[in-house]
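Each chain gets a letter, A, B, C and D, in the order it is written, and its residues are counted from 1.
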Amino acid sequence: MRPTRSLRLIFACLGLALALLAGPARAQDIPGLIQSMGEASLRELGGIVEELAATGDSAVAPALEALAEGDLYVNEADGRVVIVTRNRMYDPVTQEEIGPAADADLSRIRINNSLRRDVAAAIGGLTLMSDNPSVRLSAARSMRANPSEENLALLDEALAAETDATVRGAMETAHAVTVLSLADTSIEDKRAAVPVVAQNAGREAITILNSALGSAPDALAADIRSAIAGLEQERAIWAALQNVWFGVSLGSVLLLAAIGLAITFGVMGVINMAHGEMVMLGAYTTFVVQDVIRRNAPELFDYSLAIALPLAFLITALIGIAIERGVIRWLYGRALETLLATWGLSLILQQTVRSIFGPTNRQVGNPSWMSGSFEFYGLAITWNRFWIVIFAIAVFAALLVVLNRTSLGLQMRAVTQNRRMASAMGIRTPFVDAMTFGLGSGIAGLAGVALSQIDNVSPNLGQGYIIDSFMVVVFGGVGNLWGTLVGALTLGVANKFLEPYAGAVLGKILILVLIILFIQRRPRGLFALKGRAVES
Amino acid sequence: MNKAQDTMLYLDGVSVAFDGFKALNNLSIIVRPAEMLAIIGPNGAGKTTMMDIITGKTRPDAGDVYFDGRTDLTRLDEAAIANLGIGRKFQKPTVFESQTVWDNLEMALKKPRGIFRTLFYSASGEDIARIEDILDTVRLADRRDDLAADLSHGQKQWLEIGMLLAQDPKLLLVDEPVAGMTDAETVETARLLKEIAETRSVVVVEHDMSFVRDLATRVVCLAEGSVLAEGTLDQVSANPIVIERYLGR
Amino acid sequence: MNMKFALGAALAGTLALSMTPAYAQDEPIKVGILHSLSGTMAISETTLKDTMLFLIEQQNAKGGLLGRQLEPVVVDIASDWPLAAEKARELLTVNEVDAVFGCWTSVCRKSVLPVFEELNGLLFYPVQYEGEESQRNVFYTGASPNQQAIPAVDYLRDEEGVERWVLAGTDYVYPQTTNKILEQYLLDAGVAPEDIMINYTPFGHSDWQTIVSEIKAFGSEGKKTAVVSTINGDANVPFYRELANQGIAAEDIPVVAFSVGEEELSGFDTTPLVGHLAAWNYFMSVETPENEEFITAWHEFIGSEDRVTNDPMEAHYIGFNLWVKAVEAAGSTDPDAVIDSIVGLETPNLTGGIATMLPNHHVTKPVLIGEIQDDGQFFVVWETEDLVPGDAWSDFLPESAMLEADWTAPINCGNYNTQTQTCGGSEVASAN
Amino acid sequence: MITQALLRALDKKAIWLVAILLALAVAVPAANLLIPAGQPGHVPTYIVTLFGKYLTYAMLALALDLVWGYCGILSLGHGAFFALGGYAMGMYLMRQIGTRGVYAHPTLPDFMVFLNWRELPWYWQGFDQFWFACLMIVLVPGLLAFVFGFFAFRSRVTGVYLSIITQAMTFALLLAFFRNDMGFGGNNGLTDFKDILGQPVQAATTRGALFAASAIALALSVLVCSMIVNSKLGKVMVAVRDAESRTRFLGYRVEYVKLFAFTVSAIMAGIAGALYVPQVGIINPGEFEPANSIEVVIWTAVGGRGTIVGPIIGAVLVNMGKSYFTGALPELWLFALGALFIFVTLFLPKGIVGLLGQWRDMTARREQAPAAPPPPAQAAVAAERGEDPATLGDVQPKPAE
């Protein structure tokens, strides 16, 4: 094995052997224990954490927290274990500042999953009596996640003293969970715990009850079963609603991807195969913005999307205008040929991005307000999906306003409906064409910013959405924005309801077949325009 | 059914609406065998929609449409109706521009329309004679090998009339046949249509009043999807409602 | 007329191309690089092309091979597999390369395999794959399932106490085969069938909401659950994002992946993923002198300190060095001579061990399990004590359990049946 | 009747084309097999296979041209018919492997063995017979096109809507064939073929024969297409392309005309696919990729649609370019390809053949009396509509849009 590591191993073993030899007297030697973490192997670390927890001394909590967070380091120069926060070193026990971390040769003490669990449990026990209610709350939650016998007494003690209602509730739940998961608690206690768990443990209640069911005596089992049955009925309803939400969320992604195409293809009649690449460019704009922020002003990271949105719109709109002036304008009235030219454009744009940014995924992070999830009654909703749904609605509404309430929108509709008449009426049709294509491309760029939050940012990003986008626009009815909205949501929800039964692959195939069949019934999509004008 | 007896075309109470707009409103028209009917009326009166309904392009919301006294046209599609013997000339001359005058006529010629019959078709001497005959009639004999796109507007009108003749229909629907023609051509067209009407039924839609006068036939004036007045041209153009709604003061 | 002219000119042009003179002793030795530089696979394969250019440059700096310089011949197969076969043929017949390093996907390998067999070329294939293959002209320098999947499952079961398994993969041959092997392995180890959930998704799947919530539900039934992911490249970013956002932490349901390495992780912020696992035979974070030297030289070559190294790059490193040694041992680049001399040759890998070319054309590798860190690197939490020899035919599939591959005399067979002692597959026994 | 139709098919251009193809069918394999390597005139096997592949692509492009160039149906799913024909051939070739697979299973292909399939699925039955495979090569794409076309054309799905649902069709098939449970080898597809009609696939003689077969099949396709487009039905097809509803009012059943063209075209594409597979040695779901079908459209456009020779020239030239540039400019070839497509649509709307035609017209005009210049009014109108003036001077065939 490698020399440095083996040396450390030997030292660690020696240290541990000494510690064990010294017996209980040494067990209370907190600084020594913490110091021994520096040289310990993963397995030994587990033992040390256990010992530290057994001290019951809240003084070890900062060191354990630092260990869990990855803030505990060994200074290779003197072998001393230190906590590093904001680039300064602190003593793990006394919290005294030691000095700046920048020039020290530090190596992190790394832990694995099972250790991370142990540490969390240990911290829970140590901080349950903290003065800070939010610390107590997280301690109670951590105890709920890691039930153990020692916790029971601690919880009883803490409950007696607790005044804060929220924390109290969390502690009661943790208590009930612990009672249920331990083997040697009395049946009466357990029976009392069942409704508490069913009521308060949220989505995990069924899990906890199920695992308790395995070892439960008959008398208790009936109680648990009826509690589970009640919960499952409730859950089935929520599961259906959850599915609707998933569908709406997928639909909003489809809507975002397709809505720019609804302009360039639906309104202008350009079969814009480069639409996906506009989305991709929007996503890359986000990457560049985040990259600049990361390098120069990390504190602005949460605003990166707000900065990226207008930039992405501008950049893709300008590229769109350039494309329209350079290529598309020669092709009006030859819709199918725009397919060939824009396909060529999409190849060029992809390869350009590949040459500039490389072929690999680029890192685009979620700002903190788009990370994680929240529970809305029985629904688990992730923040990024939530904001994307909101964003899609906002973009759609804004587009409706632009098309129906502004003079540019009026001119756009005029030009696309009767180019010659519009031009005769003094509308500068080339300008309007360029603006319309720019608007469609700009919206694709906005979609790119949103999609960068859930998908890869790679040169292939656009390819993944182009077919779906065309399906949505055609399904909804070319030339009708409301059709695009309804089309996207219908396909999204239908897909999500098929997926659990048919699987993701077969579900998608079924959707495609349904679209083909649907077009037979309504050859011009869901919201077809009627009348004589359409036929010519 | 009985009412339709002895008629070539029978429309009774036909109505159709597009998105709430009533294009035809309880329209009733009868055309007898070997009779010519001229239809006049302002824009939006429903002339083209009426033709669309007769030829199967549009389905009426209500009303009966019978051909030859017995065939319900509302149940058939365009091709079936065309094969029954109803020919249509469009308002805007619609010929196959990328094909020659000869090919245009050959395609229109009354022959079996089946896929394989068409695939293995080769023109018999009789067919060739018939096409040459029509070419003479429509005065395009010297342009037989030119592309239809290269014809002038009036010549395209003639070609389309020639195609109508080649189809050998029992009923001809002719939409503005003389738009873009010189005065001499207009007179010639009127003469030709009258000749055709000796053996077949003809419905002509036209704005050109002198042309309608030349036809010297029964006239129907449409407005807002129903019949406004009916009779000879003089009778119709003397009708005060027609003057107000169509001819103007 | 036009047609004739066009075809004639084309034929003449390509003929001129193909008529390269027979090489002399001072001619460079040509090395073909057969990777996708565009299309869906460019994301993974472009780095490997650069790696090969880097290795060849280094070798040339050392004085080349047999006193001759090495000359790379790069072609783009554009993620188009019939094109890969065409390009392989072009490399071997038109460019007359002496060895080819390339392919990433199984279908690429399958597509070019008949070409290498027919034209007796050499292919070094650097990616972990499903096994169940051994071909005389191909050297598999990536992991076979027993060098990656099975140790990873062992680790989860023994160290994390996992009892319930989600086998999630992209629907293609590698995940299907790996999951078949793992399923059999788990069943043999006493796991109940209802404790195994298998799920497949299409390539580039980007909407993971349903599947992640299913995994969450499956994992919340009391037993410790883990996900064994054979999800392919592009689909991983949205998958992990959804995991993180739905709050599945590694402490609750760890995910061990076989297709996620440093290169894939460079696409996103790994902070919410800390603790999820990957099983490979190499990690950039491994601290050995060889690896440090390799990374430094690589950064210098590519001109960027940000570029990561990964397992398939190490596989190319091993494959290239083994080929160089074999050519030196044989004194010639002749494929037959190389095939004869390469078996048994050893070269240091980058993790402090030795890679030996086995008679079945696979190599020995250590198996490392790493946990994802917040800097996009892996922390090795477990490794095999000994090197694991690559097994071409899985012992956990009934059809291949009795098969062995051995390309040395006297067996010289890719699918030798140890029961009937004949060459030619498992059904020989049942047929008799 | 049929002889007449055949005679009509043999117009001057078609005779030349067929003669060249037949000459190639004999000359190229002969130059490969009879002239020893190294001597002038020898055609390496590599070239034989490569051009064999191009010829199948040319056949596919010709098939697309029949529906797009002549009938105005822009199919974005023709790759699907090609791939289905290819799979039918691939299944035959898989069954021919017999016990030479790695597991030596007498009937099951390798990929089924290691995924624990117990017996051959019903739809693999019969593919050990060459005649059955041939039947399926024609029947499967033909039937799919017939059923798909029957419903789509009857419902009057036209223009972009039709293009998009053909794309949906090939995309659905792509996903379906990716599924390992379908029993077509999933992503890896079918590969490692050994024999075709008892001959080893990799032998130079077999390759020569496959090249000859491709050239002859292409020649036959040229004949068939020529026969169709020169018949009255061909004229009706063009009429449908230019003015669909007008054709209906003449009494032609437009849906059947389209259905006929679509089905014939799909069968041709299927045969092309079947010839393609043994030459490239693999068939996998990637052939269903919508991008592939779009590429076929582009070959046709580059060569010149609405002509017989155009798609052939387009397919061969674009693919030669692709073969050359993926080796010569691996990093940059997509730029070249993309620029080519833009250039062709902007400046050569009638493709290379159209360019040659224009050039011929110009020289002819110079020699003869100056023909009437295009009326200036027309040019002005076109310019006003934003059309490229380069497209004028000739009639621009307008597919139904």
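Just so it is clear, a residue touches a chain if its C-beta (ideal position, glycine included) is under 8 Å from a C-beta of that chain, and two chains touch if they have at least 3 such contacts.
Molecules present, by chain and UniProt name: A = Urea ABC transporter permease; B = Urea ABC transporter ATP-binding protein; D = Amino acid ABC transporter permease.
Nothing here was measured: the structure is a model prediction, and the numbers come from that model.
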Show which chains lie in contact with subunit A (Urea ABC transporter permease) and also with subunit C.
D
If you tally contacting C-beta pairs, which pair wins, B-D or A-D?
A-D
Distance between chain centroids, defined by C-alpha means - subunit A (Urea ABC transporter permease), subunit D (Å)
45
In whole angstrom, the CA-centroid distance of subunit C from subunit D equals 35
If you average the CA atoms of subunit A (Urea ABC transporter permease) and of subunit B, how far apart do the two points sit, in angstrom?
66
Multi-partner residues of subunit D (each touching 2 or more other chains)
175, 178-179, 245, 331, 334
By the touch definition above, subunit C meets two or more other chains at residues 37-38, 171, 200, 202
Hunt down the residues of subunit A (Urea ABC transporter permease) that sit against at least two other chains at once, touch-wise.
350-351, 463, 505, 508, 535
List of subunit C residues in touch with subunit D within their complex
1-4, 6-7, 10-11, 14-15, 18, 37-38, 73-78, 80-83, 85-87, 89-90, 93-95, 105-107, 110-111, 113-115, 117-118, 132-133, 171-173, 176-177, 180, 200, 202-203, 397-400, 403, 414-415, 424-428, 431
Within the complex, subunit C is touched by subunit A (Urea ABC transporter permease) residues 1-2, 4-5, 42, 70, 110, 112-114, 116-117, 120, 203-204, 206-208, 210-211, 214, 242-243, 246, 249-250, 253, 350-351, 354, 358-366, 371-373, 380, 382-385, 453-460, 463-464, 495-496, 499-500, 503-505, 508
Along subunit B, where are the residues that touch subunit D in the complex?
55, 57, 77-79, 82-83, 87-88, 90, 94-99, 103, 106-108, 113, 115, 118-122, 147, 149, 163, 167
Which residues of subunit A (Urea ABC transporter permease) touch subunit D in the complex?
271, 273, 327, 329-341, 343-348, 350-352, 355, 419-420, 423, 429-430, 433, 463, 467, 470-471, 474, 478, 505-506, 508-509, 512-513, 515-516, 519-521, 523-525, 535
State the interface residues of subunit D toward subunit C in the complex, per the touch definition above.
16-17, 20, 24, 28, 43-47, 49-51, 53, 99-106, 110-111, 113-116, 175, 178-180, 185-189, 191-193, 201-202, 276, 280-282, 284, 286-287, 309, 312-313, 316-317, 320, 322-323, 326-327, 330-331, 333-334, 352-353, 356
